[in-house]
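Labels run A, B, C and D following the written order; every chain starts at residue 1.
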Amino acid sequence: MAESMLEYGRRMLSAQAFSVMVGAKLDAWSEGLAELSLELRPEHLQQHGIVHGGVIAYLADNALAFAGGSRLGDVVTLEFKINFIKPARGELLVARARVVSAGKSQAVCHCEVFAEEGADVTLCAAAQGTIWKAG
Amino acid sequence: MAESMLEYGRRMLSAQAFSVMVGAKLDAWSEGLAELSLELRPEHLQQHGIVHGGVIAYLADNALAFAGGSRLGDVVTLEFKINFIKPARGELLVARARVVSAGKSQAVCHCEVFAEEGADVTLCAAAQGTIWKAG
Amino acid sequence: MAESMLEYGRRMLSAQAFSVMVGAKLDAWSEGLAELSLELRPEHLQQHGIVHGGVIAYLADNALAFAGGSRLGDVVTLEFKINFIKPARGELLVARARVVSAGKSQAVCHCEVFAEEGADVTLCAAAQGTIWKAG
Amino acid sequence: MAESMLEYGRRMLSAQAFSVMVGAKLDAWSEGLAELSLELRPEHLQQHGIVHGGVIAYLADNALAFAGGSRLGDVVTLEFKINFIKPARGELLVARARVVSAGKSQAVCHCEVFAEEGADVTLCAAAQGTIWKAG
């Protein structure tokens, strides 16, 4: 049976040793969209007990690349910028990215990162990045 | 005996559980400058055997915050942007950040991230960010 | 009769000498949203006959600030980033900005810039910026 | 007699109608470096009597492109980010850009924008951008 796009994406993610260490999961991946999540553990935090900005940046970076990759195939992140909006705490970190525009070699993507704490969902960061077709 | 600025910085870094998991070290910290490094291990890589962009973004983010914090005290990263320039591979990843401008509440900082592979040193990424005085 | 929000915004824009020289108009301004436009003239172009990136960046910057200002009052643009996606040509340049998140002192905003050439509408640029309450 | 690099750059700038309207001059252009300036006039200001952010962004954008173009030839600005640091006022606005890294098709560049008011020189903005070889 053919491997689905989501299965293929999960296989790629599981080949990223860093993503395995951090604990990221690919929840959804389709044309122009990607959603990654992370069950928050103590090792994701910084000295004030909130999620380290580097974790949020990592998840946004990866979600941007998956979103862009859904349109371009094998890709690299050329650059991205991220705004940290609210402290992230709780059980789950979710990054949702979408393609704003895709051409032959370049996709410009947006990503929003949310923290879920019980029933509360907080927008923690917003990112914009440039994803480039590899090779 | 009084704790030096560098000792204080290392204590802060060691209180960041994520930084401990990733393995970052604070090599230098002085007025307007910060240098963080990372001995590269297999778990820092992505599927093509190079350092994951999220690791580079994490190290740049932290170096930017230390640089800004050297002028402002306790800080948060408001936002940053990072350009990935060359693939990072080798034994060591080094992020050097400096304050471009600091006011009462805001510091704008630059950071360059280098990978060291034997005698080769490669500029892998350049970042610019806004660090804000906390509280 | 009381001045409407849009009238007030147009008065502010007309007090910006640079905006008057460039020819920007405020088409819409409401809670969390702003739309600025520019009737394209030969002096907006660069050497290849398309709209100069500086014109697009100007319009995005202003739209981001109006969007943020709709939530925060008097504001300054702390920083922004812009991706140039497609060349801009035609009769009209339109920048639509919206607030992604607003707190007491900070708003993170997105902006898309479109060029209209006859019946064609092209997404030319996407921007993300940080707007700060003045004073 | 052969045209010098600086003369060629000035000819390119004078072919940008928008740059002519704004009044930008190319003061220096060499391998990896570019300096543009602007004699400040009332039409460069916004409603509070300081230089409009769009003017600063325009000058930075152009300086980044000239710097990158000094290494890559004919270029486009793929994206840039700019931090506004201090209000700009005075007689002259100067943007100095340099190439941080250049490959075959991409240059990452930094730019600092200064305002000169009498003997005072103020750093008003810092930018980082990606310049791409055209064609």
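One rule holds for everything that comes next: a contact is a pair of C-beta atoms (placed from the backbone, for glycine too) under 8 Å apart; a residue touches a chain by one contact, two chains touch by 3 or more.
If you're wondering where the values come from, they're calculated on a predicted model, not measured in any experiment.
When the interfaces A-D and C-D are ranked by how many C-beta pairs touch across them, C-D comes first.
Using CA-based centroids throughout, the chain positioned farthest away from subunit C is B. Once the centre of each chain is set as its mean CA position, subunit A and subunit D turn out to be 34 Å apart.
We define each chain's centre as the mean of its Cα atoms; on that basis subunit A and subunit C are separated by 28 Å. Distance between chain centres (mean CA atoms), subunit C to subunit D: 21 Å. Shared interface positions of subunit B, defined as residues touching 2 or more other chains, are 78-79, 81, 83, 106, 130. Residues of subunit A touching subunit B in their complex: 12, 15-22, 42-47, 52-55, 57-59, 61-62, 65, 76-84. Put simply, subunit B touches subunit D in their complex at residues 81, 83, 85-86, 100-101, 103, 106, 108, 110, 112, 123, 126-128, 130. Of all residues in subunit C, those touching subunit B in their complex are 78-79, 81, 106, 130.
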